[in-house]
Amino acid sequence: MFEGSYVIDKFSLILKGLFILVTYLTFLLSVNFVESDEYYQGEYYFLLLSSLLGALVVTSSRDLLTMFIGIELASTPMFLLSGWKKGDQKSNEGSIKFFLLGVLSASLILYGFSLLYGVTGKLVFSDIANILIQQDLAQSPVALLSAILILAGIGFKISIVPFHSWAPDTYEGAPLPVTAYLSVSSKATGFVALIILMSKIFFESGDGLGIILVFISGITMFVGNLSALQQTNPVRLLAYSSIAQAGFILAPIAVANITNNFEDGVYASVTYLIIYAFMNIGAFLVINLLQRNIDSENMYDWGGLAKETPLAGIFAVIFFFSLAGIPPLGGWFAKFVVFRSLLSTGEIFGLSLAIVGAINAVIGLVYYSRISKIIWMDSPKEDVQKTENSIIPSPLKVVGFVSLILTIVSGIFPGIFSNLGEASSIFFNS
Amino acid sequence: MSIQPLLIAAAALFSIGIYGILVRRNAVMVLLSIELILNSVNINFVAFNAMLSDVFLNGQIFSIFIITIAAAEVGIGLAIVLMLFRNRETANINEFDLMKW
Amino acid sequence: MESGLGLTIVVFLPLVSAIFIFLIPKKQEMLIKLVTLGSALLTFGVSLIVALQFDFNNAGDLQLGTKVSWISSINSNYEIGIDGISLPLLLLSTFISVLAIIYSFEHLPEPKNAKGMMSLILILETGMNGTFVALDLILFFVFFELVLLPMYFMIGIWGDKTVRSVSGLKNDIETRLYASIKFFVFTLFGSAFMLLGFLGLYFRGNRTFSIPELIELGSSGAFTGTFASLVFAVLFLGFAVKVPMWPLHTWLPDAHTAAPTVGSVLLAAILLKLGSYGFVRIALPILPEQAVAWAPAIAVLSAIGIIYGSLACLAQTDLKRLIAFSSVGHMGFVMLGISSLTSIGINAAMIGMVAHGIITGLLFFVSGSMAHTYHTRDMGRLGGNMKLLPKTGAILAFTAMASLGLPGLAGFWGEFMALLGAYNPLPGLNITIFRSSMVAGAIGTVLTAGYLLWMLQRVNLGEPKEEWLDKELHDADNYELVAWIPLVILTVLIGVFPKLIFGATNDAVIALVSKAFGG
Amino acid sequence: MVNQNFINLLAEGKPEYTDGGVLAEFTWLIVVLPFLAAILITFFGKYLPLQGAELALGTVLFIFSYSAALLYEHATKGIANEFFINVGSIGSYDLEFGWVVDGLSIMMYFVVGTVSSLVFIYATNYMQGEIRYTFFFTSLTLFAGSMLVLVSSPTLLQLLIGWELVGVCSYLLIGHYWEKKENSSAAMKAFITNKIADVGLMIGIIVLALSTKTLRISEILYQSTHDYADIKTVAYLGGVLLFIGAMGKSAQFPLHVWLPDAMAGPTPVSALMHAATMVTAGVYLLGRMFPFYQGMASQALDIVLLFGVITLLGAGLVAVVQDDLKKVLAYSTVSQLGYMVTAMGSGAYTAGLFHLWTHAFFKALLFLGAGSVIHAVHTNNMSEMGGLRKEMPRTFSTFIIGTIALAGLPPLAGFFSKDEILASLNHEGHNLYFIISVLGAFITAFYMTRAVLLTFFGDYRGDGHPHESDKMMTIPLIILSGFAIVAGWANIPGVYTGFTKWVTTRKNYIVEYHPESFDLVAMFSGLTSGLLGIGLAYYVYHMSGNATDGDEKIKIKPIWNLLENKYYLDFFYFKFIIDPVKITFAKFVDSFNSNVLDRFVNGVGTTASKAGGIVYTNLDQGGIDKVLNLSSTGTDTIGSKVKLIQTGKTQQYLMYFLIGVIVISLIILLVL
């Protein structure tokens, strides 16, 4: 379509499905939030839908302009949504940080795009790649510089170190459903863009890019996980957790850049993204549910909360341990495919990254288990005020059970999701 | 006409914008700096288009899109700044550090 | 039964029941307990039927299994089956689960919550049974890890609430919290790397996760060199943590001490076996060359474990902690047997595993019960238990005797045969190391006798301390006896007639050894 | 299940033995029955009129009659047969239980049966009213049963099982009065000491089994008498290791320390243990494996001999200084076991077993007699006895018979057996050992006479009025004294050598010296030393004044102290082995575990957490500030830099972002 700048293939369809489902879950998550205060309902949903549209465009875009529009469309509404709690200064502050960094990153992407255009004169990825290869420019400094600028710009969206600093603040400030959306859909959009760019344009750019990505991926895991260990605010904890997870998702792409085996890498990343989406939404839901019952943002005050809302307690166990990657919950398979793609060629960077990943899986367990530990094992703190709120609204229940089923099913019958991942990767083989 | 001066101008504009982002305290000024950066990209695109004599005018089209989007972003940015200003009675972005640790 | 139906039922019935239990309202405790017991009994029954269908004449072959595509994209299959090596452990697992549930009928620690405990036990059982029947590395891994969550919560929620100081940590911490996370992190640490090892095998081994296929490849020398030694190292890490082998054992005493009675029983009886079973099922046959290279190290570590565990026991004042350390020693014998790489040694390990499961399980039952009755595990305060709780005391004495490897009881075979195996390891192994390890192990038996008798003297014998005299102490009730007596009988039966185990394992072990090591 | 194996028994030499027929085939009954009885007694004993004692009695009486029948059959026709039950295979090894019916085992069955029966009868009365009466009989029955498992064993495996079961039963019985810590400690000591020795046995079995590829004793003996190379290389080692095992059970120096302490148990236990069921196990083992020792491990026999001699002398000397009547007898047992082991060591197979046989009867007699005395006076100490010969005439007269038998005066049992040992030593040319053994005989006579004098002569020094014991106790005494008299006649050189024939089942394997007639030198020196001992003791403790002063007259302070402290062996063990292990090592390991390993683990945890803190606070949240602060401290700041430093959070994040870009660019473009 449009001379190859907009394609419909399995990759895009599968990811479109994911985005739509995630947005739907976010809607459900939002119903109560939007109703609970005097927010602008119509605009809220409109903006979310706009963002969804952007994400859908990105999955299909195969030229610079379409992709740029998609990215902007996906992220611009989020600037507003993250500041949706108008009276809340934290929300404002998160919003401005998000905005400034977002715009900066957009500019960097643009600058990179402009360089690419300048070198090749083309906008469509396949053309660009052809010319880069023909004229032996794939490893030229200009191409690399544009790659770096683009990487930085997208790195912001997927919040990898060192472009992650906005994430904790914004996550903390933004309304919870928006945070969930940010950490899932926005991040996925970024990854989709990254996957497309890396595999369509920069696949010949030499090992340097891949190696730097490998390092970024490893450092991201460490920084995310180690910082998450320090958090007392559960949302901030999830923010750092999602940073660490980004490291995992990035890892296969990074190694694919070195080995040029994008099929495996894309397969792993997409599978991870799909599984990650549901368990992360579930995790945010858990925070949401628990916060309804207690008036404290310090999770260490949440002792014994599971006894008040056992369902939330069970959700907490499922989703957080799934994030930690404990079988038979979905997260294990996500980690597994990542390890699998890292080791597939037995090349040293993949191997090292796999070891780093294994260590990080263990570190991650410590803080992922913490919330379950607090709400199930600790005794209630007496000085914290509790709000009786035992009835869980049905939209939230739906979100919970949908995510729950998907998380568990993806752990027990990973075939379903891995087939999606595999299907999506086929395109990249040709 | 050589393309270098244009590119250098664009790069300079870009750097000025970056400097502005980093140094200006007033949020509005920061927004303006962002405009500078976006415009530097525009110059790039247009210049490249001219240099390559791209018959599809891809660069030109791209820059029009950028202008549009820049406008939208500044609008959003101003909205956010306004909201902040209402709540904090200041537009100094250095004072926004509630979530320091 | 080519469909593998029986084994599938054995594996998944508990899980299905656990889900079913989730749906029963919390108030109907009796119903929950009955459903749990029913499903565990049914599972045990089916496992017995499976055992009857098992062809003992071909115990070396994998039987009664099936192979269904599971995760096609990575060529991982739902491949299950049992042979003489896994059958005894499977039966042990289903059996001990039944007993644990019976025991839990009346002995739920605080906070009661039968629903939670029962469903956790059932999930745990699925994990344990699954590990013993899985013939696919990924399937194995999933089941292997499945036991973590239930056990983590079992320790963390129902565990020991005493606050204690832990060296290296600034703040005092509740035993259960410390122990649960330590257990979890340790095991995950091992298994995360183990998974990498599995993947390594997958990529070098024609992209298959099937254990039988990998064994074929392994015995034909497909895995060699640095690659193989790396893979063995990570597999070792994964399994050795679980066994646990010295010096990776430190999670064990804490976990056992903190866990509720049922938890420590299942932990000792079955969970530890997952590690040693992994060695026998996966590490040795797939990487025979590396197994030979690593065997001396394993032997030495086992010997250290035996001596170390026994010495540590001598210094304990906490009854459960003592038994926990004794596990380190006993599993040392199991690993010593395995490290000899001979059919004798591995057979010894197999019977050692079963015996340790029965005996140490029983020890934990009894000690847990005593801790519950006395509200203390401090052996300095106990004493005269034979007078206060004669039934419990008698069983404790019997089990301690069994645990110290008394001939005629189950524990003897594992120890003696392991030493027998270690004296003449596989030809080509360094005989000095093995014989030294064997002597160390033999000295360990003396120390074992020492600490167990000392424990008996302090706990069971003597006049009761004054603080207990005016207290009303309840001796073992019927639920406890129903849970314990079968183990006592089994201990004697296996002790007198080891063919119960060897009959199944011997052929399988011989087949394994001859395939892997040609001996 | 049952298969018969004649290869090693009858295939060679003259088939002068029968297979024993039904009688042999059902010998397993006497092994299994005690265990069944023990279970029955445990669960139903309390409800029976005699509280379970009748079951125990019935069992041992059955054993006695069955073994008597076997003995008769054997003495008339000769039986040699063995039966196996497979209980599992491991590798290529068959694990087998079974029972062997040959002269040696029949002799042991008979000894166990006889002594047990009498002790059990005695105990029903002796233990009347004692705590845990029923359980006592359970353990006692088990004890006898375990010993039968041991002696009936055709495989080393079953031997080991019986071996350790005996140890456990002894633990139960010695610690019968476990309310007192000394008693349970004594029980533990017995168990642990035996366990240490068992390690030797265990390794010895492993060595032999692996080199012969079998666990069957007969097969091992066959190989060791037919010059098989595999076993030859390990024969010395195996022999020594097996002997270490024997040292534990048969209380040889330096592992004898448990035996005197074992007196903590009730007296019937001591009688059983010292006469029939436990301490003889070691000698039995040496006897059972004798063809192996002789065939291949003759060097090991030298060691056996050495330890036997040390034991017989050392323990005899300690017996002299004891005040506790039971301890005198205990050390005497150790000393006599020394004789048996010496005999085995010198190659006198029959003599050793013969001494075992006679000793079983008279030592049981002595212990039961001592028990009768103790029962009457409620103390073990001879210093509180005296003059009991009037009050307890039957006990006295039987005790005297036992004493004379032990001292080795003809025609009582001890004379013949001891004489044969001495003769054998003399014949083999072990002159030094011969002299020591003769000296031992002198000491034996001396301390026994001393004990008799202190106990039965002089005036009563205790409280209360002792009475003769009940019939149930004295009848066994009388029967036993009958045995003590006649048991020795089973093997009189030149007259009747039936015993030799009884025990030399595997005739072809054992080459030993059988005195055709009395060895006059040996007989003369043995007899003389015995008489001298009696005479000297009589002089010191009776003729020259009060019995209690006797000790003072022969007291040579340093030696006496040494003996009273049992050569400081216990002290040594505690100070240098047990305490270091139990306290130093154990504490060390424990603290290593919690302070090194755990600390390391927790350290990793805290380090990770600290690293998290550092990453989070310094890098993630404030890194730029620090970096810029550092770089600006040296140089005087220009305006822009100052501004940079003062930037707030948002701009710091932006800064981060750009620095990230720059660093990455530099790395990619310059480094990679």
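Going in written order, the chains are labelled A, B, C and D, and every chain counts its residues from 1.
Keep in mind that, in the parts below, a contact is a pair of C-beta atoms (placed from the backbone, for glycine too) under 8 Å apart; a residue touches a chain by one contact, two chains touch by 3 or more.
As the structure is a prediction and not an experimental result, all values here were calculated from the model.
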Most centrally placed chain - per-chain CA mean versus overall CA mean: C
Comparison of B-D and C-D (more C-beta pairs in contact): C-D
Cα-centroid distance, chain C relative to chain D, in whole angstrom: 34
Centroid distance [mean C-alpha coordinates] between chain C and chain B, Å: 65
Approximate Å spacing (C-alpha centroids) for the pair chain B, chain D: 94
Whole-Å separation of chain centres (CA-atom averages), chain A against chain C: 40
Residues within chain B bordering two or more other chains: 21, 93, 96-97, 99
Sequence positions of chain A contacting 2 or more other chains: 96-97, 100, 104, 169, 366
Residues of chain D whose C-beta touches two or more other chains: 605, 617, 649-650, 654, 658
Set of all touching chain pairs, with the criterion as stated earlier: A-B, A-C, A-D, B-D, C-D
Chain D partner contacts - residues on chain B that touch it in the complex: 18, 21-23, 25, 92-97, 99-101
Chain C partner contacts - residues on chain A that touch it in the complex: 267, 317, 321, 326-328, 332-333, 336-337, 339-340, 343-344, 346, 354-355, 358-359, 361-362, 365-366, 369, 372-373, 376-378, 411, 413-415, 418-419, 421-422
Residue ranges of chain C touching chain D (in the complex, touch as defined): 166-170, 182, 185-186, 247, 250-251, 253, 308, 311-316, 342-344, 347-348, 384, 386, 401, 406-408, 412, 416-417, 419-420, 423-424, 438-439, 442-443, 445-447, 449-450, 453-454, 457, 460-463, 496-503, 506, 509-510
In the complex, chain A residues that touch chain B: 64-65, 68-69, 72, 76, 79-80, 83, 86-87, 89-90, 92-97, 99-100, 103-104, 106-107, 110-111, 113-115, 117-118, 121-123, 168-169, 172-173
Complex contacts: residues of chain C adjacent to chain A: 69-74, 138, 141-146, 148-149, 152-153, 156-157, 176-177, 180-181, 184-185, 188-189, 192-193, 195-196, 199-200, 202-204, 227
